[in-house]
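Scroll down for the structure; my scribbles are underneath it.
Order of writing sets the labels: A, B, C and D. Residues in every chain begin at 1.
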Amino acid sequence: MTTKNTEQTPDGIRGFFVRLGRLDRRWIFLAMGLSIAVPILLGLRFPEVPSPMARATFDAVEDLPEGSLVLLSFDFDPASKAELQPMANALVHHCAAKGHKIVFMALWPLGKQMADQAIKDVLLEFHGGKYTYGTDYVKLGFKAGNEGVIKLMTTNLAEAFPTDAAGTALSNLPLVADIRDLDSFKLVSTVSAGYPGAKEWVQFGRESMKSDAQLTAGSTGVQASQLFPYYPKQLNGLLVAVKGAAEYETLVTEKYPVDRNAGRLEQGRIRMGPQLVAHLLMIALIVLGNIAMIASRGTQGGAR
Amino acid sequence: MQRIWRVCATLATIATLSGLSAFAAAAPPAPTDVSAVDVPGDGGAAIHVRWSVPAPAETKLAVIERRIVAPVKEGEAAPADAPWTEVARVDAKKGAEPGYTVSGLPNSEADRHASDQIVFRVAFIGVDDQQTAFVEAAPVVARANLILFKKIPLAIVCAVVFASVLGWIFLARSGGSVRIRRIAALEAIDEAVGRATEMGRPVLFVPGIQDMNDIQTVAGVTILGRVAKTAAEYDAKLEVPTSRSIVMTAARETVQSAHFAAGRPETYDESAIRYITDEQFGYVAYVAGRMVREKPAACFYMGAFYAESLVLAENGNAIGAIQVAGTAEASQLPFFVAACDYTLIGEEFYAASAYLSGERDQLGSIKGQDAGKLFAAAAILTGVVLATLASFTPSGPLAGVSSAFRAFFGG
Amino acid sequence: MLRRTVPILILASSGLLLFVSAFSPFTVGLQEIVLKWFNILAAVAFVLGAGNLLAVNLEQISSHRPGWAYSAITLAAFVGTLAVGMLKVGAVPNPMYPDVHFAGAHDDPQAPFGWIYGYMLVPLTSTMFALLAFYVASAAFRAFRAKNFEAILLLGTAFIILLSQTAAGMFLTGWIPEDSVFSFLRLDVIKRGITEYVQTAGMRAILIGIALGVAATSLRLIFGIDKSYLSKT
Amino acid sequence: MNDSDPIGTQPAQRPYSFLWIALFVFGAVGIAANAFIRPEGMARRFAAVTTEERVLVEEVPEKAPEKVPEKVPEKAPEKAPAPAAAGDAGGDAAAPEPAATEPAATEPPAPKRKWVAPTDPGIASGALRRVEGVTPITWETREVLKPTEVEPRKAELVAGGPVRIESSPIDSLGIWIAALLTLFILSFVFRDNPFYKIAESLLIGVSAAYWMVLGFWSTLVPDLLGALAPGFVRANAIPSLPASETPTMDAALAFIPLVLGFMLLWRLAPKGGWISIWPIAFIIGTTAGIRLVGSIEADLMRQISRTMEPLVGFKDGVVNGELIRTFDFWGSVGSVVGVVGVLSVLTYFFFSVDHKGAVGRTARVGIWFLMISFGSAFGLTVMGRITLLLQRFEFLFTDWLGIS
């Protein structure tokens, strides 16, 4: 892919930068691969300072009275697991540490499995003793229909989810038997990777929630900018990407530490190490790209 | 009927009051004038409970309880055995008319749009935590109303938007000006197809990864019509891989009619419009591989895109294709802007199909969108001015006007 | 008539009905029903997709086009996955109804369908997604060049955000006291300013524009002004 | 290359020597590393296998409640068809015997039957009794263990209990396949190659079928079939399908998407494919109707109201115990920037006027705002993208190679 036109390329350091500007992109790919692989193998970690958004998310869960009814919607799939599962784990741990009653659901087909994993790894692992199915937590599972499901839930929960994930009628589960609609939840938290997700919860769900109820979202970096306009009024808390997860994890585990398997609540922070190196690479690439541009502009006498 | 209940309630209150004053001097006087009324203009799940506070200084909280007196016919007495459930504990003397709106009441078995008959009762808790006796209100039914009052501002704004869009379409029909500024990305479409023809390489059109129940996909397929027509005229090979089979059907319909419109029905090749898979990354794996192998000279990305935007745009760039993107997915715009030659940003994408059609009606609707933007800008300016003035006098009348104006748009 | 007028009428009536239903509690159920219908329709449409997929790949194989072996792989993978999924082969019985075979969980990781999902579909899709890490780097290298003022804003902002996302940001400007007059020079403060004010403003305007675009497009469709989806044959 | 070349190599392409060598070296290093670190085998998985057993029981009736005789005439006709249907259509060996489901009209209704674990407390207490002649159903559930979980779980095992831990070759194979497919896809960034093509073909085939299966079991069966033939669905697929209050109405309503679906599928027929435009018109119409309100309410109105911030901000502070409102400089700057930004970007989107003069200058400011927004969004996204690759590397290093 690199074109050989030695006649136009000057010698020396400028020539180097001019050639750099036409670098085969596969070298960039290689550099990116190494900048992630090497820190993983070396296990780099850095401290985190929580941002106001992470703190707001923390407060949304923390300030609820103990034992409040919360709805956690797992609106992502394995493709976004790396970014979002750490958030989901910390969120489940936080809710359970506060003793909230948790209803799990998913707008993405595979979100159900993500929820199952968080339940197994965190809820039952750290809080198994005080959480029994049906009275303290319920898994509603996945329902197809995107925002339609949210709309249904605003009027009739039982219509959106006639049964839980295992096929038991909601009326047989004490926790959800009396819930009519979304209005009953003190906190709705979506961990969302795209459509349908946080935006749809704001658009179609927020309306029907009590004005003092909280709606928070954990988001991938990519859709975060779409959600900023909703924060802090429509979205009471917002966690963005691994950094948000790492910050929230810090807040949660500082207040509610666990005695074993703490790694399950450190995933976000562990993943921030390679992030630093990769970000520095990106910064270096932008700088080099511009130097190369300036160098080649000189050689062509401003012809472009 | 209501009156009888009220009299009963008052009698009960008086009885309670006299009883209480004799024994528990510490508790405040019980609530008076307790009433419960259906909230108007709602979905039939809310009741407003009101009361009066005889001795505000001694009263702290109000405890509200309810019980369903089941589908009792009017005139019958309520059965006494239904249990009372607490609804809320609220500040007893907040506002000029103390009260509380109970929402989320369950539907009646018999009628989806109404609750059963419900009796509310209220008691006070005094400053020293002593509770008064309960005072009952007359039974009440929460009924759904034909129109939701909270949707009235929405209806007004919808009317404004409708009027501007349809009004401009009408004006355009009757000869009004439909001149629109040039949109570079749209002019690039013909150029890109032309270049692909010159180079003898195919044109790739990606209509996004959502189904036809996304307006973006509909808009994308509309633009496909124009691209297909140009490609048919130039006799360029057009490929449309789709990620939904309904989109494939719609795209085939559109491309086929474009070929008819271009007068080249015989060159329409149905097999070039293929369903790949519903899976986002399975679809992307196919398209990316296809791009590297077939090296299309022009790539169009028009529709709803998510993470795949950059995979497509970077691979398109590596093969040196002219790339024109259009999406209303705000999160993907940065990548298209960075990696494509031309990008239709948000509203431009929706305007594009109207613009490309070149029909007066459709161009008129773009003018209507502009009128909508003027309305939005005016509303924003008014709101900002009101809010700024109100911020200097937080307790003045302007503050009320400002917050009312803001609440109109959803608060 | 059947080809053009009926579809226009269907579109207009269904559109108007759903629009009006947003304003009354009595018609809320209508939207729910229609949304349910769409899901059913989309599921039925899979047959169409499967038909197309089979036709294309069988044609490739039978005519021995170059690369027909890959079509055979696709076909085998499709048929195999479909068979174990539809027939719930090896599904874990439902503990409450172990006698009803089709009540079992076909997507359980130990069922063949769940195995295919966990060990094939997940690694394939998530690696495809992960390729973005490479593309984001090459895009930054190639596209973020200071060609004009707009490009400088684009790359400058990306640069600042990237820097502030990492510990490097704290290292460079973290020494500026948070309560001093110069605190606005701190990278985390600048990042917050950019995202909360500038980016929010930009995105808000984009959303307002999109809302109007959606409204105008919907109106054009409902009132039969945009008929491009219709066959002209 | 002849036309029937199954892997479609094009003559112009260079041999894949570099790729072959790289893959080989990577694989060899990994395997060698593992030979030292985990001699018991690379990517070997263990599973905790639990034997589940269910027996069919029926409720032992309470001592002759007086209500029973009254209820029989009403209940019997309703109740009788359901178990019969289950018996006919289920066809399973363990289905209740037909004889037991045909109570004489004078007898009380058949007791409720269900499958429970043999350890169910109801059996011990006498509230439930086993149905004679029905063999218990047993099966095994397998939970794959992470390598770190194997030893702790082994320590927890109870001798003679239902759980045992054993090697799981099928999952070990799974890890290998997943690792190889990961490498195949990653090889695409180097160059298009046969490995990528294999992975791509597999991905298309598997995922198309996956979504089809999902659509069938989670939408078509419960929502379409469940409404049209609830008895059949309950007997064969979803025993817990809730009974509808309006079955006829539901069936009638489900008929509409069925018809629309058939119209859509008419495409597959040689003639009259245009009929598929009817369901498409229906989809577009409903979409337009729903989005029209949704976008005006949530995007237009809400974003307008969000922008209505006072240009001059104050913040409340406590100075010497007194509440004092002070001028908030940066807050005010932010508000002004926000309002200017929204208005200028809206100007950029203005189509009626050419971007010249004052409008042009404002639109230019709008472009600046857009560029900063995009730069910012790009920067914020990088983190997520890197995480994705990170996760794949974690999988390769930890789950497959076991070196991290």
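One rule holds for everything that comes next: a residue touches a chain if its C-beta (ideal position, glycine included) is under 8 Å from a C-beta of that chain, and two chains touch if they have at least 3 such contacts.
What you see is a predicted model; the values in this text were computed from it and never measured.
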_Two chains sharing the most contacts, counting C-beta pairs only_ = C-D
*Approximately how many whole Å separate the CA-defined centres of chain B and chain D?*
24
*Provide the C-alpha centroid distance between chain B and chain C, rounded to the nearest whole angstrom.*
19
*Chain centre separation in whole Å, for chain D relative to chain C (CA means)*: 14
*asked:* Need the CA-centroid distance for the pair chain A / chain C, whole Å please.
replied: 16
*asked:* Residues touching two or more other chains, restricted to chain C: which are they?
replied: 19, 22, 28, 31, 35-36, 38-39, 41-42, 45-46, 48-49, 53, 94, 96, 103, 121-122, 124-126, 128-129, 131-134, 136, 138, 140, 142, 144, 154-155, 158-159, 162, 165, 195-196, 199-200, 203-204, 206-210, 212, 214-215, 217-219, 221, 229-231, 233
_Residues of chain D that contact two or more other chains, please._
185, 188-189, 197, 199-200, 203-204, 206-208, 210-211, 214-215, 219, 238-240, 264, 267, 274, 277, 280, 283-284, 286-288, 291-293, 296-300, 302-304, 306-307, 339, 342-343, 346, 349, 370, 373-378, 380-383, 385-386, 388-391
*Residues of chain A that touch two or more other chains: which are they?*
25, 29, 32-33, 36, 79-81, 144, 155, 167, 222, 224-226, 229, 233, 243, 275, 278-279, 282
*Could you draw the chains as nodes, link the ones that touch, and say if you get a line, ring, star, complete or other?*
complete
*Sites on chain B touched by chain A in the complex*: 43, 45, 103-107, 210, 280-281, 304, 306-307, 318, 330-332, 411
_Contact set on chain A toward chain B in their complex_ = 1, 25, 79, 155, 180-181, 183-184, 194-195, 210, 222-226, 233
*asked:* Quick check: in the complex, which residue numbers of chain D touch chain B?
replied: 185, 188, 192, 196-197, 199-200, 203-204, 206-208, 210-211, 264, 267, 274, 276-277, 280, 283-284, 286-288, 291-293, 296-297, 300-302, 304-305, 307-314, 339, 342-343, 346, 349-355, 370, 373-375, 377-378, 381
*Residue ranges of chain C touching chain B (in the complex, touch as defined)*: 19, 22-26, 28-29, 38, 41-42, 45-46, 48-49, 52-53, 56, 59, 121, 124-126, 128-129, 131-132, 135-136, 138-140, 142-144, 154, 203, 206-210, 212-221, 223, 225-226, 228-233
*Flag every residue of chain C that touches chain A in the complex, lowest number first.*
28, 31-32, 35-36, 38-39, 94, 96, 103, 107, 122, 125-126, 129, 133-134, 136-138, 140-142, 144-147, 155, 158-159, 162-163, 165-168, 170, 188, 192, 195-196, 199-200, 203-204, 207
